[in-house]
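Letters A, B and C mark the chains in the order given here, with residues in each chain numbered from 1 onward.
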Amino acid sequence: MTDVLLQVRGLHAQYGNTRVLHGIDFDVAQGGITTILGANGAGKTTTLRAVCGMVRTQGEILLAGARIQGVPTENIVRQGVAHVPDGRGTFLNFTVEENLRIGAYTRKDKAQVQQDYERIFGYFPMLKARRKQQAGTLSGGEQQMLAVSRALMLKPRLLLLDEPSFGLAPLIVRELFEIFRTINRQDGISMLLVEQNASLALKLADHAYLLETGRVVRAGTAESIRNDEAVRRSYLGY
Amino acid sequence: MADTELPSSTVKPALSRQQLAGIVVLLVVACALPFVLGNYRVFQLTLALAYAIALLGLNMLTGYNGQISLGHGAFYAIGAYTAAILMDKFGFPYWATIPVAGIVCLVAGFLFGLPALRLEGLYLALATFALGVAMPQILKYKALEPWTGGVMGVVITKPDAPEGSGLNQDQWLYFFTLAWAVLLFFAAWNLLRGRVGRALMAIRDQPVAAQAMGVDNALYKSLTFGVSALYTGIAGALGAIAVQFVAPDSFNVFLSITLIVGVVVGGLASISGALYGALFIQFIPNVADQISKAAPWAIYGVFLIAFMYVMPSGVAGFIRMARIRLQRWRAPDGPRCASVSSGKEAR
Amino acid sequence: MDLLIHQVLSGLATGGIYASLALALVMIYQATHLVNFAQGEIAMFATYLAWTLIQAGVPYWGAFFITVVSAFVGGVVIERVIVQPVENSPVLALVIVFIGLLVIFNSVAGWIYTYTIKPFPSPFPEQPLFGNTYLSSHDLGSACVTLVVLLLVFGFFRFTPLGLAMRAAAQNPVSSKLVGVRVGWMLALGWGLAAAIGAVAGMMVAPIVFLEPNMMGGILLYAFAGALLGGIDNPGGAVLGGFIVGVLENVVGMYLGSEIKLTVALVVIIAVLVVRPSGLFGKVHVVRV
């Protein structure tokens, strides 16, 4: 875990004239899972958007040493960054199958893409059952699975997850996070996970950062953050 | 509880000193112009004033109330023909035709507005566009020929200035139109800066919330159509008297397009925008013509596109932005938000 | 009765032309939520280009092909150069830009080619097919051409990755970017396709209405009405709407004379819209309060 896949230094981000991130630093290790925690409005979603080039940023963002700050979103994505946005970003008028097909849009290896469909359906059998169904008619949990699948079809090096547990039943959330662990271990996909559900995130991640009003206030291994008194009181409830 | 009073909705922001001074200067200039310019220019300005009234009417509907009309030329035509027919067939004096034209159009607009309630955005645009396209065909319709004069139209005799005023016909017509313009602009300003204006804009921006707060959307929207048609109809009547002639093909769909161009170029939801827009649609075609005799409309089209690049919110919007920037530059530590502008810019 | 059948069939043929223009309008609408009022004039201009080529001795189908490709390129260029810089302006400002384009194309065509009516050749034989009395060969031929175009477009959007990407970009530009779709270029492509379809429509209709700068005005209006009748967010519906309008126009013209048929057709369409505001096949937008 000595290689760093994503390196962020001094990141500022703003919406119009409103600055939301005030110079944050964090890393995602190659093959690792990093989580960013914080309350509503802390800037977690903005952080993911900043990595993807969806907001105005200043600072340094390096993906495997290459600069992606200021690069258009489409090009960042083509470098192997897949983002599962909050709200899932499902193509509601497409079928499940079309959602997956568009996820693989940038890929040239047709045969491998076919194999990946099968693998995805292996992780999410309920999607296979609904492959011809219109995505807008899926339940929240299923749409979340679909959103993750779509991101995986891109064959990313780095997977950005924005509050994947949001609005989902606990059972489904547990399944989902198990799949995240599997993807990480088996396929070596690095992950940057943004979550409000701190205990869940800390169980999955290796490293954690705590964001408060656009600044990193705590950083460390997931273990150490979990045991941190202040964090426990404010975010873990005990 | 008793100390905090809710803001009274009857308190209307008055014009600032600056704005009042500006209006006075404008009026003085307007009154002086017919004495320094030749008759043709005076005639052009009279038409521009008529257009300004029409644009104000359309702006009420489209700018303030968000209902797109691509067919307002039809109401201009109805007003024009009403005046012409009253003068030609019934011997009405010219000044009496104006209110009648207004009322006829008020009713016509209201009646059109009722079914139009169900249509939104593009669909309403199509419906009004169809109205604009249909009007020349209706005016040429054989059955109405005894009244409308068919394809040939109706000729109107130019009214004389009153005895002893020392004005020629063109000058008199100018002042007559100017008087109506001042009256109608004042009425619109009064209407739009108060409850009615806010209700209209609420319906435009958040119709569901407006309804929930007790605004009768349907009634307001239909009435707005009616009043908007009234204004445009009066403009049509005034224009007809100035031109001394009405014919079906002068009121084709291009008139409707010209009106919407005028509203957007002048500035939506702005009273002063009606003036800027009127000047644009009256004089820019001439400028385009001078630049290129071969393809003047191509130049006009280039002007249109260029305007939208530079001033997407119209001339009035551009001036508003410029004023805000100027204020901010002068007083950088002052309040960040734009001051609640009162008077002409009723937004 | 015979006359009625004739009018209906002929109406279907012209309806095909309206249908393809309606499709072009809907394509741009879906991607941008804007109606391209200049669509007709671009088609007209392309048709003039074809005429110039044919006059210069280029065989018909060669000129056809060159024109379609040029229209495609032209559409892409217009979107990238003129529309893209102002794409975030308020809706009505963009309407004015389109009106500007409309006026420029119309005026330049009139300047270069004058306003005199010119005949435009039809690639189809003079004699009606099998000597039938219902449809001229041109009607039949143009119906086939428009049908082929519509099928190609349908196939493109349904089965190719690029078509999928264009649909995605129109539906959800943000998510499209997140899967690597270059949304801006998808838009330009849409404009190119719409212009190409328009060119085909123009070349099919010119032999009937004769080539002059104002020839597409009424046709665009019918196409617009057809698209709305079918439901502006529904390409299939728009196509169907185009056909319905074609038949309606002819039948109304038959009974009420041709001067008033534009008005009556429009009135009928609007009456339908008042009853069903989102068109016959459009999605009824249930607004959640």
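Just so it is clear, a contact is a pair of C-beta atoms (placed from the backbone, for glycine too) under 8 Å apart; a residue touches a chain by one contact, two chains touch by 3 or more.
None of these values were measured; they are calculated from a predicted model.
Engineer: Measuring from CA centroids, which chain ends up nearest the centre of the complete protein set?
Structural biologist: Of all chains shown, the one whose C-alpha centroid lies nearest the global centroid is C.
Engineer: Among the chains in this structure, which pair is joined by the largest number of C-beta pairs in contact?
Structural biologist: Most contacting pair of chains: B-C.
Engineer: On a C-alpha centroid basis, what's the spacing between chain B and chain C, in Å?
Structural biologist: That gives a centre separation of 33 Å.
Engineer: Quick one: report the Å distance separating chain A from chain C, using the average Cα coordinate of each chain.
Structural biologist: Each chain's C-alpha centroid was found; their separation is 43 Å.
Engineer: Give, as an integer number of Å, the spacing between the C-alpha centres of chain B and chain A.
Structural biologist: 54
Engineer: Which positions in chain B touch two or more other chains at once?
Structural biologist: Where chain B is concerned, no single residue meets two or more other chains.
Engineer: Spell out the residues on chain A that touch chain C in their complex, using ranges where they run on.
Structural biologist: The touching residues are 52, 54, 72-74, 77-78, 82-83, 85, 89-94, 98, 101-103, 105-106, 150, 154.
Engineer: Which positions of chain C touch chain B when the two form their complex?
Structural biologist: Answer in residue numbers: 29, 35, 82, 85-86, 89-90, 92-97, 99-104, 106-108, 110-111, 221, 224-225, 228, 232, 259-260, 262-263, 266-267, 269-270, 273-274, 277, 287, 289.
Engineer: Would you pull the chain B residues touching chain C in the complex into a rising list?
Structural biologist: 62, 68, 115, 118-120, 122-123, 125-127, 129-130, 133-134, 137-138, 140-141, 208, 257, 260-261, 264-265, 268, 294-298, 300-305, 307-309, 312-313
Engineer: If we count contacts the way the header does, which residues on chain C are in touch with chain A in the complex?
Structural biologist: 161, 164-165, 167-168, 171-172, 174-183
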